[in-house]
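Read from first to last, the chains carry the letters A, B and C; within each, the first residue is number 1.
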Amino acid sequence: MTLTELREKLRPPCPALDIHVHPLGPKRVDSVDEDARQILAAADRAGVEKMCIFLLHPASGEGQLPEPTMDQCREANDYNLQMRERSPDRFIPFCYVNPMYPQESVAEIDRCVEGEQMCGIKLWIARRATDPGLDPILQRSVELGIPVLQHAWDKTTGNLSGEPFPQDVAHLAKRHPEAKIIMAHLNGCGLRGVEHVIDCPNITVDTGGGDPEAGMVDTAVNALGGKRVVFASDLPVRLLGQCLGKTLGANIPEQFVRDILWNNAARLLPEWAGVKPI
Amino acid sequence: MIIDLNAFTGHWPSHPVTGDLNSVRASLHEYGVDRICVSPLEAAWCRNPHRFNEALYRTAGTFPDVYPVPVLDPTVATWKKELERATRELRVKLVRLLPAYSPYALEAADELLEALVAENLAVIIQTRLEDPRRQHQLAQVPDIPAAEIANTAERHPALTVIIGGARTGEIRGLKDRLLASPNLYADVSQCDGLDAIKVLVEEGLTEKLLFGSHAPLFIPYSALSRVVTDLADEDAAAILGDNAERIITW
Amino acid sequence: MKPAELKEKLKPAWPALDVHVHPLDCFGLTKVSSAREDANLLIESARRSGVEKMCLFSLHTTCPREPTVAECIEANDYTLTMRDLEPDVFLPFCYVNPMYPDESAAEIDRCVQGAKMVGIKLWVARRATDPGLDPILEKAVEYNVPVLQHAWIKTTGNLVGESFPADVADLAQRHPKAKIIMAHMNGCGLRGIEDVAHCPNLYLDTSGGDPDSGITETAVAALGPNRVVYGSDAPIRHFGVQLGKTLGTTLPDNVKRDILWNNTARLLPEWAGVDTI
């Protein structure tokens, strides 16, 4: 097999929508233009058409700035909007907020979603998902009909103090049964994490982050059904192609591949995201 | 009748074993073992140990002398579903807990243990799978003290509780509690020492002891020798199978 | 299968010579009142499993890790008493402490040359890399008796003076004419076997540790069929359970026989009176 043939073989059979991408940010690139250019080039090489993007603030990184101020959230969201300006057909921004500040978070959601047509909400590790500070945020997401992407993990080495476990996200989903919640990091949540969210029909799991362990997407599809798993990478922390492999290399019916790569995310996003099922 | 209440099938990461069910059966049949209760070894290291029960049911299903002993973990959110699945298997008579490997305190299993009573299933709770001195440096799992399993039996007097893999000294130390708790038993798969089982029999524990081989991790010859070499035939027969016949609803 | 049939099936086809046994006075679960009682209990138990002869050594009734010279002498006297009670069964080894090399050499003269002990026992006072062992090994070569050296690889951490297999390999290379038995095959494990495979004067006893499957086969594959010897570590371990490490393997019958008897017989001096079978 030549390299060209191999690259062709590895391309996804349909366009892919990556629900979990971070811009590179000012720590790694000199400008938003450069940021957008590099990400789009990587996406083109891998076969990813559209990306939901959210910077967690220029100063954030692995465990850094887990509790941003609302000014920092606003700064991050402004960056996300600038990224969208560079390529409005490909970047779908989400609004990053901090449940330590519920009312200000709601105000920021209004600014970003109602005002600027962002398409979802991003929650990270300021507070575990059991925290009541998340409730006004989730209520607003329901009112606006947009998904909430909540980071989660089950770390043998120990979660950070505000880092949700899968069972926390299950708790959140049951508190807000009408919300559309995406639990991030299937491989980080693992076999036990999947079990925690089986009986939460409003939780979809994203495949971003963690290693491309064999059988995980298969497990998630068997447990949750083919409509409750969405493709994600966690770029630039992880490689696009590697993460596509979790789905394209799984032993699942072909119809589910299309749904995971595109349709399941398309159904979660609001109508103004302009993403139609294929 | 010789009943092995504590055997396994599968792979073990730190020590190569011939663990396919066919080989395990053959190794025990050689010494006249009639019934073999097996759990999946891989369950110990899987974050959801239930994942290995289904394959066990499939392979065990082809052998009428093999009784699958599924591993149940009360800290996996869907354990009730797993228990319900286990009850649909005709030859599941007991379940295994591996609290050291999950890990969890035995109190966390109380709801699950009460559910076993309702289903007329017994439980074997394993103290250890390997000597801590011989474990992989980066995979050290402390023993579950046999006394904690005795506590569990006392909390659940209607449940048949088997202490799995305890050493001679531990079983001897629990003599009074074993004799006082009608529902508490110990398998002898990891007993050792001069006249190890004879000593326990002399302490009046004959009716409380159950045969286990710990195959394929341990050698079946050793398992049988441990019981028959030093005991009168009647005591040996009790431990080899009569006790198990009496306490489990086969 | 009935217990009686099973007992018959489990009996070894050949007598067994156990290279690693302690008096009950040393490690027994219950205290014994005399060397006579000690001998009786050990022999009864051994015979039920098919063990006919035992290399015996006390580590002193209190088992100190660093025994004094006097404690070693006391231990050896007890062992000699047991031998004198049952000279056809017990083959005594002389226990010494390499912290006292000269006194150890003197004790070996007393016990081996004088009292016809048939080997030397070393435990955990000092690792086998310690130069204090050198005069002891020289004595072993002089009298042509084996040295049985404790070893283990403990994940939980070896005792300070507790030898690793690599230490015993070092000892074997320092004294290439010595016959060294490294104790505790299962405690030394798969890595330990590899540590000593290249030392032709180093033998491995099967005593102690659990009856893990496949280890004896691995040892024979690595060391050859003549460098593995049956030992139990009774009374800490059960004779029959430990015999299982040989009799419960897939090894050919002639190899099993050699492990149970001949390999040890060849290591013992002529006055031990143990012929090969």
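Convention: contacts are C-beta pairs under 8 Å (C-beta built on N, C-alpha and C of every residue); 3 or more make two chains touch, one makes a residue touch a chain.
Source: prediction; values computed, not measured.
Counted as hops between touching chains, the shortest connection from chain A to chain C is 2. The greatest centre-to-centre distance from chain A, using averaged C-alpha positions, is reached by C.
Of all chains shown, the one whose average CA position lies nearest the global CA mean is B. Simply put, of A-B and B-C, more C-beta pairs touch at B-C. Our note on geometry: chain A versus chain C, Cα centroid distance of 64 Å, whole angstroms. Each chain gets a centre from the mean of its Cα atoms; for chain A and chain B, those two points are 44 Å apart.
Taking each chain's centre as the mean of its C-alpha atoms, chain B lies 33 Å from chain C.
Chain B contributes residues 2, 15-18, 31-32, 130-137, 140, 168-169, 190-196, 199, 215-226, 228-231, 233, 236-237, 240 to its touches with chain C in the complex. Of all residues in chain C, only 1-7, 9-10, 24, 28-30, 41-42, 45, 48-49, 152, 154-156, 186-187, 189-190, 209-214, 234-245, 247-249 touch chain B in the complex they form. Listed in rising order, the residues of chain B touching chain A in the complex are 46-48, 51, 75-78. Chain A contributes residues 154, 167, 170, 190-192, 194-196, 198 to its touches with chain B in the complex.
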